[in-house]
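All chains are identified by letter, namely A, B, C and D, in their written order; residue positions are counted from 1 within each chain.
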Amino acid sequence: MSGNRFGTLFQYHSWGESHGEAIGCVVDGVPPGISLVAEDIQHYLDSRSPGRSRHTTQRRESDHVEILSGVFSGKTTGTPISLMIRNEDARSKDYDGIRDKFRPGHADYTYHAKYGHRDYRGGGRASARETAMRVAAGAIARKILETQIDPHILIRGAVIQIGNLACSREKWDWGEILKNDFYCPDGTMIRKWETFLDEKRTSGSSAGAIVEVQATGIPAGLGAPVYDKLDADIAKALMSINAAKGVEIGDGFDCVALGGEENADEITRDDNGKPLFLSNHAGGILGGISSGQDIIARVAFKPTSSVLTPRQTLDTEGNETTVVTKGRHDPCVGIRGMPVAEAMLACVLADHWLRHKAQCL
Amino acid sequence: MSGNRFGTLFQYHSWGESHGEAIGCVVDGVPPGISLVAEDIQHYLDSRSPGRSRHTTQRRESDHVEILSGVFSGKTTGTPISLMIRNEDARSKDYDGIRDKFRPGHADYTYHAKYGHRDYRGGGRASARETAMRVAAGAIARKILETQIDPHILIRGAVIQIGNLACSREKWDWGEILKNDFYCPDGTMIRKWETFLDEKRTSGSSAGAIVEVQATGIPAGLGAPVYDKLDADIAKALMSINAAKGVEIGDGFDCVALGGEENADEITRDDNGKPLFLSNHAGGILGGISSGQDIIARVAFKPTSSVLTPRQTLDTEGNETTVVTKGRHDPCVGIRGMPVAEAMLACVLADHWLRHKAQCL
Amino acid sequence: MSGNRFGTLFQYHSWGESHGEAIGCVVDGVPPGISLVAEDIQHYLDSRSPGRSRHTTQRRESDHVEILSGVFSGKTTGTPISLMIRNEDARSKDYDGIRDKFRPGHADYTYHAKYGHRDYRGGGRASARETAMRVAAGAIARKILETQIDPHILIRGAVIQIGNLACSREKWDWGEILKNDFYCPDGTMIRKWETFLDEKRTSGSSAGAIVEVQATGIPAGLGAPVYDKLDADIAKALMSINAAKGVEIGDGFDCVALGGEENADEITRDDNGKPLFLSNHAGGILGGISSGQDIIARVAFKPTSSVLTPRQTLDTEGNETTVVTKGRHDPCVGIRGMPVAEAMLACVLADHWLRHKAQCL
Amino acid sequence: MSGNRFGTLFQYHSWGESHGEAIGCVVDGVPPGISLVAEDIQHYLDSRSPGRSRHTTQRRESDHVEILSGVFSGKTTGTPISLMIRNEDARSKDYDGIRDKFRPGHADYTYHAKYGHRDYRGGGRASARETAMRVAAGAIARKILETQIDPHILIRGAVIQIGNLACSREKWDWGEILKNDFYCPDGTMIRKWETFLDEKRTSGSSAGAIVEVQATGIPAGLGAPVYDKLDADIAKALMSINAAKGVEIGDGFDCVALGGEENADEITRDDNGKPLFLSNHAGGILGGISSGQDIIARVAFKPTSSVLTPRQTLDTEGNETTVVTKGRHDPCVGIRGMPVAEAMLACVLADHWLRHKAQCL
């Protein structure tokens, strides 16, 4: 109830502060008998790892994950899976300067207002470091989907816009994603983003980004009507990522300008007599329930609030002051947000899969 | 767990189909001693009532709400408040034509895929009729906020775009909202929207809309870190409304193109020494917790999927066919979505208020 | 969270006061496609109906249940099933005398302390009348178990002790249960109980009772380790019934005096090679998970607190006074508790069945 | 939902197997600003520590608890508190003999039936070792109650019966409890229990026990009506402890033989004009809500199922075999259950305190 837990049947409870002893999570509700080793999780953690390029934070963590429970002889036992990553490279000294100041755009002021007392080091609980646990839980969520539904399920994402520089949907190539520092699917955009972000970084500024995630191979029927619609749960999951400010499903805001007859995806049959949609404006979800089409969502990340430009603010005593955020930060936090968004989508789908099994299978 | 319940401490469980006996909800967790009469709820129901104008559905329901429990001598007792609205004007015959066909853009196919068996009349549980219970619960949520925080709290909304016709933020006048059929805050836009929607309706098409909701007077400190961020819960609440396809907080997708130093709202002191933000790009939420500024969110509604143009689809046997959606529908469902969006925001805030009281007060 | 909801996947949210408009509940999580008509529920309601004999309350309600949603063409749709019973025979006048007095042994004082404000008529929300909804929900729970596991599952109970007069386990005859006014399985005890209760009633006193419930045909594997053990959930479910003060599983308190080698049920094979337990001290549950044996639980009901003997108490102003509880009451509330205990057991089992399906099937 | 989490607002999620890397839990919902150091928790862990005497298991663990998050500068921050205890003395070899056999009275068979696959070493997740986390969480629960309600709140327990040897209530002396190896409140009973247990141990048998726990200083008003009654939640909490088979509140099963006029506790005023109950048959709870009297509950523990007498059983292949449980076990597991029962009561009360604050304060 205090907001550190995600999911209903597939669920995880995350803990830890950026500069504390460790971060971790307890993943629960996992079906027994699923093969799982630390490497399955480490693989995805490495893909989000800070220090990947000069465009992401220079904090270097090996992010070595330990499985402390819930797995025996290489298989899940159905009991809670406790994951932990020790914090190794925590230079708390960097944060002494902002100990008593509320950094604009950060959670400093609101945590202070809510809790009175906070671990200011590196943002404490509000740090993007917490997202490592989302990625770890997401790796287990994928395992569930692959084992119980279809080994070919794909849950993947891309950064499709940085600042005002958007990729071309026509040039989308999934093969490009892991070849560049930006998870960019449009090869023609990479040079432009490099130049743009170098400029941002050297000027002490930062940039926002839009991430798109897609799930392919999800059967029709996942989701729930009314309040826990599949898209509502995806919206919550994506909006809960640090720095997220907007979420769309399918055509999203663009569908406002369409007529109903354009927007509603017509249905025919494929060669096997199965339903075939003629378009996917809906992003694979109708009435809160998956249609079997690709599930498509986008999330907008604001520009990193940690900037080197001095900004006006208050200290914890209420005095006016200015603040410059040192420390090691991502000039574009949205890039590291991509694997996190993928993971959150996987978690929502694994949860709704178990919910669907419980009620309808 | 089956998706018909909203909230954690302030919560309600909604039930009922469009053309069944009745719709209703059980509102629970309400503090005792709050004055409440049916009229407090009826007031908000009337504001969303179908039949308000030619731009919304022609189904006419008095939507007369009964309070069946939880209130004694005009005050809440702390026990569940059961609300019920009898369905009066249910012309199920209108739906015989679509009984065995999946209307494109509707939940027909996905409900069929999930449940096998469904109440096809008027969309059954997937009907926008369910939103009456959201508005009813929202009326009680407002009562909680007004009684326990501040009687001057305002939770209000506006339709700011229909089709591709957007209001001007400069011409925003809250006084306009209730003077026109569209909850439009920009008086210069009304004639244009009338023309546009008449055209849509007569051509058997429909239009999308964007709704903005704002909460004024909410103190700093509401919300939770990580997964149940206040903005994540607002995103879920708004995305769960029928036909919603996108949600934004504060600047939303527009903040992607800003630099971090522009987007992060600086802080100074007001005349009473209290924190005063110099801008509100964040929409009143930082790190998932309210900052005391106005909370601002937007939701995009797709064009109504019920259109008079014949559309290609399948029947429940898997045969190809076409469908035309008769029945009484809103050419722009987003208009009726406005009071619903207001209500959902009120529900999220009341819930987080009680959560905050439990842990931090 | 406010205590009016039961269950996790199979769940229901109950509402209503003894002398309000109606009582009801919303049953949710029910699998689609299960045949259900009001009579399926009415059957069990009738079996608990007040007015059955002079040994239970003289309040006469037809307890006519209406299904308001969630069922279409005689089958569940997977959406919430709203049940309602109008209160017909509500003589609130009977309660004017206790409006401002705290009846000893009743919830009057504690509701006052908690909520400040309460519906005093007939105990309001604390009335045993609420248990009708447990029985109604239990009827649906049975349907789930019978449809999804085995049509021959039996969930049944008996009153095995009234006052200090206990049945003989050797004379247990399930066939006797419905032939007498007490759900008594031991025909030799009936006359004694009649005499005993007549004496209690005429002297303005009341008596306690012990109820035993059994579930036969439940497969091994239902339940959960640690906190939501099957027996822990049964204990909660039974202890939540009005007037319950003790709960046992299997041998319960009696196993304290056994040695471990006597108490631990040995296992061999039956003729089909399946596990066969040589005894059932455990009551069908080991480590919180069902073993496939009969599940056996007992619940102790205190003597009805509504007695005609004047008792010392305070009024709501804090003045000393005495109170005599008029109204129509059961001299032995435990008798009516039997069908309620059966229903609660059914609800726990249906819930854990769905939970098991979600994680392990 | 998979049963490893306890509580609603004050809650903890426990993880770990008896012979895995570590055990731990995440305690969440804790109010910020409460002083907390590891020693506060270690104190209670030491009191339950195995190896205390020859009457409890000979497994020796230092049970050194680490606080990994949620505390900063000696105070809780309102974020999750992660606790961990490394498993040091795990002799898994001891368990090779029972790897493929279902020990009677143990969870071996039911875990196998549920999960197919299990960590058999030392009972894995079903081991009483897990109860260390209950005691740890209970220590934090006490802190909440002491800080937010009254520093003099007492939550304490005693072993009141071992085998068929019951303490005398007249000789109850809280001062005796920590002076003997049994948490026995009756000094005259200690020698008898020693003799009895020595006999049990040397004969390879074991004994059951009854534990009573009491909470003093809890105000009226905690709890909830209907399903989450305070006594129902206590019943679940106590019944969830390993080896528990029965639970009572107040007079429990004994109240069955009382008349209503004896059992219902009369009320008068104390010298300060406050309500004073003339007896406490109810155990401090009426209608599911605390009355301000001492809260009293008892729990029956079965005799330890690990016995040295050969017992008939099956192996995982379904063959008949016999088993003798070696390893290091408590001849009377109920003794170690006492601090666990205290802790569970503390957790229930802290949870209901926060729930009460949320709705009614």
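Please note the rule applied: a residue touches a chain if its C-beta (ideal position, glycine included) is under 8 Å from a C-beta of that chain, and two chains touch if they have at least 3 such contacts.
Just so it is clear, the model here is predicted, and its values are computed rather than measured.
K.L.:
Identify the chains in contact with subunit C as well as subunit D, in label order.
P.N.:
Expected: A, B.
K.L.:
When I count C-beta pairs in contact, which pair ends up with more: A-D or B-D?
P.N.:
A-D
K.L.:
Quick one: subunit B and subunit D, Cα centre-to-centre, how many Å?
P.N.:
Measuring from centre to centre gives 46 Å for this pair.
K.L.:
Using CA atom averages as chain centres, what separation in Å is found between subunit A and subunit D?
P.N.:
39
K.L.:
Two-or-more-chain contact residues of subunit D, please, as numbers and ranges.
P.N.:
Residue numbers touching two or more other chains: 1-2, 4-5, 8-9, 14, 29, 32, 78-79, 114-116, 125, 225, 355, 358-360.
K.L.:
Can you list the residues on subunit C that touch subunit B in the complex?
P.N.:
Its residues touching subunit B are 1-2, 4-5, 8-9, 11, 13-17, 20-24, 26, 28-29, 32-33, 66, 68-70, 72-73, 75, 77-82, 84, 114-119, 124-125.
K.L.:
What residues on subunit B touch subunit D, complex-wise?
P.N.:
Residues in contact with subunit D: 1, 9, 29-32, 78-79, 225, 354-355, 357-361.
K.L.:
So in the complex, which bits of subunit C are touching subunit D?
P.N.:
Residues in contact with subunit D: 1-6, 8-9, 14, 102-107, 109-111, 113-116, 125-126, 130, 161-164, 200, 204-210, 219-229, 231-240, 242, 244-253, 255-269, 273, 275, 278, 281-283, 285-292, 300-307, 309, 311-314, 318, 320, 334, 355-356, 358-360.
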